[in-house]
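Each of the next two complexes has chain A plus one more chain, namely chain B in the first and chain C in the second.
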Partner chain A sequence: MLLIILLFLPLVFALFTYLSGDRYAKYVALAGGAATFVACILFKRPFMQGGLNPITYAHAWITNPAISFSLSLDGLSFMLVALTTFLVPLIIFTTYRKEIDNAKSFFSLVLLMEFGLLGVFLASDGFLFYVFWELALIPIYFIALLWGENQDAAFRQRAIFKFFVYTLAGSLFMLLGFIYLYQHVGSFSISALYGSALSDNEQSILFWAFFLAFAIKIPVFPFHTWQPDTYKESPSAGTMLLAGIMLKMGIYGLLRWLLPIAPHGVALWTPLVLVFAVIGVIYGSVIAIKQDDLKKLLAYSSFAHVGLITAGVFTLTREGFQGAAVQMFAHGFNVVGLFFAAEIILQRTGTLSISQLGGIRNVAPKFAACFILVVLASVALPTTNAFIGEFLLLYGVYEYNTWLAAIAGLTIILGAVYMLRMYQLVMLGETNSLTASFEDLNWKEMLVFVFITIAIFEFGLAPKMMMNMMQPSLDLILNYSLR
Partner chain B sequence: MSYLLIIILLPLLGFLINALVGKKLPKTVSGIIGSGTIFVSFVLSTIFFIGFVNGSQQKIDVNVYDWIALPDFTITFGLLLDQLSATWLMVVTGIGFLIHIYSISYMHDDEKFHVFFSYLNLFIFFMLLLVLGNNFLITFIGWEGVGLCSYLLIGFWFKNQDYNNAAKKAFVMNRIGDLGFLLGIFLLLYNFHSLHFGTIQTALATSTISHGLIVAITLLLFVGAMGKSAQLPLYTWLPDAMAGPTPVSALIHAATMVTAGIYMIVRANFLYVLAPETMQFIAFIGVATALFAATIGLMQNDIKKVLAYSTVSQLGLMFMALGVGAFTSGVFHVVTHAFFKACLFLGSGSVIHALHGEQDIRNMGGLKKYMPITFWTFLISSLAISGVFPFSGFFSKDEILAAAFEHNKVLWAVASLASLMTAFYMFRLVFLTFTGEFRGTDEQKHHLHESPALITFPLIVLALLAAVGGALGLPEVFQAKHFLKEFLSPVLASANHGGEGAAHEGLSHGTELALMAGAFIGALLSIGYAYTKNVSGKALPVKDEEQSGLGKIVYNKYYVDEIYNLLFVKPILFLSEIFHDVVDRLVVDGAVNWSGRVSLMVGGQIRKLQSGYIGFYLLAMVLSIVAMFFYVFIIR
Partner chain C sequence: MNTLIYTSALGLLCMLAEMANLRKLILPIAVLGLCVIFGFNVADWGKNAGFYHNMVVIDNYSVAFSGLLLLLGIFITLLAGNFYKNEESKISDYLAIIIFTLSGALALVSFGNMAMFFLGIEVLSISLYILAGSKKKELRSNEAGMKYFLMGSFASGILLFGIALIYGETGSFDLGQIAAYTAAVHPSVLFTLGVGMILVGMLFKVSAAPFHFWAPDVYEGSPTLTTAFMATVAKIAAFAAFYRLFSSCFIVSIPSYAWVLSAVAVLTIIIGNFTALNQDSFKRMLAFSGISHAGYLLLGILSLYGNTANAVFFYSVAYGISSIAAFSIAIVVAQNTGSEKIEAFNGLGKKKPMLAAALTIAMLSMAGIPPFAGFFGKYFIFSEAIRNGHLGLTIVAVINSIVGVYYYMKVVLAMYTKDSNEPVIKLKPAYSLVIAVCVALILLLGIFPSLLSNLL
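Right, the complex of A and B next:
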């Protein structure tokens, strides 16, 4: 029952937010986000000791076909729910300074999206999962479409529309996959699906149905072309939602719904996926080197990072899984920090063009310090959260194949190249007319970075608790994936 | 253990104070916090070190907490203090402390004084972590951490984009090495399920791990060392790193950080002795680097660049020592090099300070009479690095050369040649800087002065150490006890019992004395040649535009940077554009748009079927039924 409260809190607050009107919407939404986070933390205890201990809820919903409103919270889900419920209020908070038109709609959409995301991470019924999956897409579509800041509205509409259609098309394959499964297994329930015995051919078909949906969402090379433009055109809060949380839906989907259900299909296509994932790592990194638009650079960088996460998942090793799980978490914080820095720069200078910036560190030392911290986390410096993730991911890939690991490992070099180049051009050197009067961080902005910094070092120095919480869930998934 | 933690955490505390509230503190307080924390660490280190010397201190190997724990392996946050780490501890905190107090004066006019001290403290913290880690991954934290500090300090004056480029280059080049290191770590973890030094060493005894794997592991780890310790082909960042403030060059880019590669290999000596192929390779790379860098040093005119290439060259000698199995000699040279090279860099800083930023030795000269302390300390250190008896460098270098001689005459010959060049370019530097007439502007001449006590005190201490540091390892032929060899023997047990054998036990005393005398005379001759050329002959290096022929190529460092640029940087930038503009936009996204258009088109055609005429629907229905019957009854 408590699980229902956790899930529906954002929805309820979305309604409150809408009713509270434009003036107070922000505060109500923030309160709703914070309340959901508190609710989430209440669930922490059982996962601390290790062991699977899922908290479940089930209620019959539709009899024919048999669809149950069933939820399950285990260690893996808990970490993603925690990430979501923590980041959503933080993201709401980052907009404190902005005058947002029609704020009540904007913030209730954000909470509606949170509702969808939580549903995705909690659902233990395939159809329910699909419903939440699509539900999460709709709010972000409107947020990106209506609140984007780029002047070229036609270009924005095209980019966002493409994102919508592309990801929707992918999800339809997943729906087909679920229907196909239902016909063969007679149930949407996750435990029944885990227990299914499908032929290799059937699994192979299923693999592509699910993989397409997830791969587009993550995105995995070559299904990524919607992503840079969408990240660029969305308002920063939208980009943070997309990169910080939404893409984790895809990785989560791989772990929870694809690997254990169609293990033979996965085994058949793993080499191909791994190669494409690693291509994405290098390809995205190389492109990021010459990007001039800060948000696009970060988009390609994020694309490279999630490529490595995908590779880790498909190594089907404990280390790869754990690395993927840790990195999902770390990437969530770090990418929000990076896009927040971009947002601050955009607000103060009016541009995201790297070549027009420079010298900001002269006038804004606090911002410079916070920014370099997230940059260093993003290049996986040891003691930061991303190092743990990247170390385990690369080790997982190494266990699969030494040469692939050596190639994927180039990310630590290329990452340093594009991130330090960006930081140098934006922050270092002499100031110019755009940056000369750059105002340093105020305490509210500082606070956001403080939260992110804590996350960076806490999970970089002491990741054990988080890893222990997720290990039983991941082991279970791994067992089913190696059937 | 708690004292050990204090040694590490104090610099971190100093960093945090100066980074968070340093701006509000007076500079003196910032400086005292920065130096004071290191001083306390130094005192504690000394206590430990003395404990090891008189045998009262036992090896400490503790796990502070579990860092990364998985069912298959646990990597702990653990510390190890033994004779080897204690030796490095002394060098890092001791020289670190001297350079901190030097910086109080040197950086006094800089507005980011507190930032400088916070970075220096952070560096010491990571360096201590590097040498005190009890497993490869803790060492790796320190390894990358010092790289970060190096990046921050090279680009300390960040308004200058050239400096920032140098900083970025250092970081990226180090990362290339770090990838090798990381892959080596993977191999170790996979095969031993542990990264703990002691566990791996024990496991090796019973392990069935193949020889090829050991070679691969040691080679990969060495790639890391090539980056951090600036060996061919990853050395080009170090000369550029001179963009940083001079105390940084002394501390990080001469005395401590760049020796991390040597530390790591000595630490992993139990692996390296099992891989003679790797050792051979290290010796080769080392000696090649020693010679290559020395030749470049002959032609440089920037006082710090000469010292930088000399550092690369000396590091090459140290690696050669490791490669021929003379681990102790390598460590010995690390220590003496730390003394004299830190002194030389700080001395160059004193000169640059007095000349208000001038670094070109063509515009110096005659400084002896204005800056006597700087001159004498610089001279002593130069004698030490040139290998003149009885200064410290003579002993450590002699050991290395003797070990090389025993191992392979060619190595010995090339290393000796590099040593002769060292003596020459160092004294070229001394003569051009300190003797003759001052060649700078009148304005500069007017302001010439000896540096204040905070600067000269570290110089004097380091020069003393450079003079007498040889006592740490007096050769056997002198009927003396080799302190360092005995001290380090517990750590190098497996190396000493391995086939390679440490140092030069096998040489007869006669040969050894002959080699020493030869090296000594050679050094004197080189110095003499430098004297005739630059003092008696009063020849000045030519102006940049007058360079020609081979000299021009050497002066331009064999154009290695330009070659790397052409081979790596340009292609990647080109690839970046191709990937984005052609592959991403046209091919991948083109395919997506194409499939979008196709489905629109198909939809557009199918839509026409929905015409609204009942007759058409009926016709379609009838035709379909007929087709179905046809299919069911006739075809099947």
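Right, the complex of A and C next:
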């Protein structure tokens, strides 16, 4: 029953937010986000002790086809729910300074999206998963479309529309996959689907039906073409939602639904996916080096990072799984920090063009310190959270194939190249007319960075707790995936 | 049985009211009357009975579809009051024709005999010919009426030829006896040919490709309310009749025509969707999208040997209420801006947020996005098609639903991202009521589809 409250809190607060009017919407939304985070923390205890039993809730929903409203919270889901419920209020908080048109709609859409995201991470019925998966898409579509800041509205509409159609296309194939499974298994419940015995050929078809949906969402090369423009054109809060949380839906989907349900299909296509993923890592990094637009650079870097996460998942090794889980958690915080820094720069200088910036450190030392911390976390410096993840991921890939690991390992070098080059051009050097009046961080902005820095070092120095929480669920998934 | 008789009587009453000078009362009487008939219809639930030597057969299938058609009829009647406000002297004529059309539609879902089936088709069609051409001084409306009449009577002729051939083979118009014949005797060439002609006639009536060419012009030229009527009541009734006819006595011939039906379904979906992409006119876009919806429904007919009545019914409900919501908003917008183009919706999101939200929900429902009714409609149809072995067709249909998203969202984009200087729109209470009820139903059925999905 508590699970239901956790899931529906954002929805209830979305309604309150809408009713509270433009003036108070921000505060109500923030309170809603915070309340959901508190509700989430209440579930922490059993997972801290490494408990294997998920907390579940089930209620009959639709009789024919048999679909139940069943939720399940295990260690893996808990980490993602915690990530979501932590980041959403933080993202709401980052907008405190902006005057947002029609704020009540904006913030209720953010909370509505949180509702969809929580549903995706909690659902233990395939159909329910699909419904929440789509539900999370509609709010972000409107957020990106209506509150994007770029001047060229026609371009923005095209970019966002491409994103919408692309992801919807992927998910419709997933729906076909679920229908196909239902015809063969007679149930949508995750346990029945895990126990399904399908022929290799059927699993191969299923693999593509699901993989398309997840690969587009993550995005994996070559399904990524919607991503850079969408990240750039969305308002910063939207980009943070997309990169920080939404793409985890895809990785979570791979782990929770694709690998255990169609292990033979996965085994068949693993080499291809790994090659795609590694190409994505290199390709994203190389393009990131050439970018002049800060948000686009971050978009490509995020694309490169998730390529490595995908590779880790598909190695089907314990380390690969651990790395993927740790890294998707870490990536959530780091990417939000990076896009927040970009937002601050955009607000104060009015540009994101790296070549026009420079010397910000001279006028804003606090900002420079915070920014470098996030940049270093993102290039996986030891003691930061991303280091653990990236190390485990590369170890996993190494176990699968040495050469592949060698190529994927270039990400560390390339990542350092584009991130530090960006930092150097933006923050160091001579102060110019654009950056001369750069105002340093105020306490509210500091607070956001403090939260993110705590996350970076807490999970970088003591990853054990988080890994213990997820380990039972990951082992279970690994067992099913190696059937 | 009561449903059909009372509806016809209500139509007559509307005509008589003109003589008794009760013009002001006629609209409330019609709406109330239809509501009462809806109640009688619900009371027939669970009965299985034939009347007049099985001319009319009442079963759950007919009751369910009658209920849907009556509901849509009530919506249309409510909208009619304001729509014809400039022609107050003729309101009783219009209402009478609308209700006669409805009685034809009701006959189409409850026939037990070919004669009754043909009668239903003709009552429905002839009334619609008049409604399509009812704007006497508008060239487009005249064209629509004429085109619809010529094409429609041609189709009726082919249909009648088919019925004659069936009669020649089986010696009966009665569906039960035809079914008995097909069970006893291997169907002859003439029988199969007859079924083929009926098939062509029906494909014509439901505007499936390649027999769809009349639909866009007729839909665009007719007064918008008539378009709404044709797109919902007429199309759903024709589909219900199509399903009833083929599932009750022509099931043996389905294999002979399976490839034709498959090809027609694919063609209909593709042509409908891809032509809708480039339309500027909202009505024309809905006309083409209606063609593609007919294609999805054909998937249900194609797999009817697996008893897909539930899926077809649910899809019809979802399509019907979403279309009524979309058309009523289109009428409101067109009355205010004088334009039926998609640009007319510009800036609606700022001026009338609730109306824009309602249209967004209707569009998302038609595009088949959860958690709206249209999603489950598509879901049920697709899963029946897969269950009956049409995986390839379903994949084509799925790809096309993605194309569908594109043009449905075009309207949403226009509402939210573009501005216009048109004055603020005034909304009549009848329209608010219809739109609110439709949106509530779309949400209700999207969240609790079980309410209707196991009815039949």
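Assume the second predicted complex is superposed on the first by the 483 of 483 C-alpha atoms of A that agree within 3 Å, B and C clash if a C-alpha of one lies under 4 Å from a C-alpha of the other, contacts with A are read in each partner's own complex, and residues count from 1 in each chain.
One rule holds for everything that comes next: a contact is a pair of C-beta atoms (placed from the backbone, for glycine too) under 8 Å apart; a residue touches a chain by one contact, two chains touch by 3 or more.
Keep in mind that this is a model prediction, so the values were computed, not measured.
**Student:** Identify whether chain B and chain C fit side by side or clash on chain A in the overlaid structures.
**Tutor:** They clash: once the shared chain is superposed, the two partners overlap in space.
**Student:** Please work out whether A:333 is in contact with chain B alone, chain C alone, both, or neither, and reply first, second, both or neither.
**Tutor:** So A:333 meets neither chain B nor chain C here.
**Student:** Is A:398 touching the first partner chain B, the second partner chain C, both, or neither of them?
**Tutor:** After superposing on A, A:398 lies in contact with chain B but is clear of chain C.
**Student:** First (chain B), second (chain C), both or neither: which does A:409 touch?
**Tutor:** first
**Student:** Name the chain, either chain B or chain C, that contacts more residues of chain A.
**Tutor:** It is B that touches the greater number of chain A residues.
**Student:** Given the touch rule stated above, what does A:134 touch, chain B (first), chain C (second), both, or neither?
**Tutor:** A:134: touches chain C, not chain B.
**Student:** So, A:179: does it touch chain B (first), chain C (second), both, or neither?
**Tutor:** It touches chain C, and chain B stays clear.
**Student:** Figure out whether A:165 sits in contact with chain B (first) or chain C (second), or with both, or with neither.
**Tutor:** both
**Student:** Where does A:367 make contact in the superposed view: on chain B (first), on chain C (second), on both, or on neither?
**Tutor:** A:367 sits against neither chain B nor chain C.
**Student:** Given 63-71, 207-215 or 423-431, which one is the stretch of chain C whose C-alpha atoms run into chain B?
**Tutor:** That would be 207-215, the only stretch with clashing C-alpha atoms.
**Student:** Following superposition on chain A, which residues of chain A contact chain B and also contact chain C?
**Tutor:** On chain A, the residues that contact chain B in one structure and chain C in the other are 165.
**Student:** Please give the residue numbers of chain B that touch chain A in the complex, ascending.
**Tutor:** Residue positions touching the partner: 19, 65-72, 77, 137, 140-141, 144-145, 148, 151, 155, 158-161, 164-165, 168, 171-172, 175-176, 178-179, 182-183, 186, 189-190, 572-573, 575-577, 579-580, 583-584, 588-589, 591-592, 596.
**Student:** In their complex, what parts of chain C are in touch with chain A?
**Tutor:** Touch residues, chain C against chain A: 364, 369-371, 375, 379, 382-383, 386-387, 391, 394-395, 398-399, 401-402, 405-406, 409, 413, 416-417, 448-450, 453-454.
**Student:** Name, in rising order, each residue of chain A that touches chain C in their complex.
**Tutor:** Going by the criterion above, the answer is residues 61-65, 130-131, 134-135, 138, 142, 145-146, 153, 157, 161, 164-165, 168-169, 172-173, 175-176, 179-180, 182-183.
**Student:** Along chain A, where are the residues that touch chain B in the complex?
**Tutor:** 162, 165-166, 222, 224-226, 283, 286-291, 318-319, 322, 359, 361-362, 369, 376, 381-383, 388, 391-392, 394-395, 398-399, 402, 405-406, 409-410, 412-413, 416-417, 420-421, 424, 428-430, 461-464, 467-468, 471, 475
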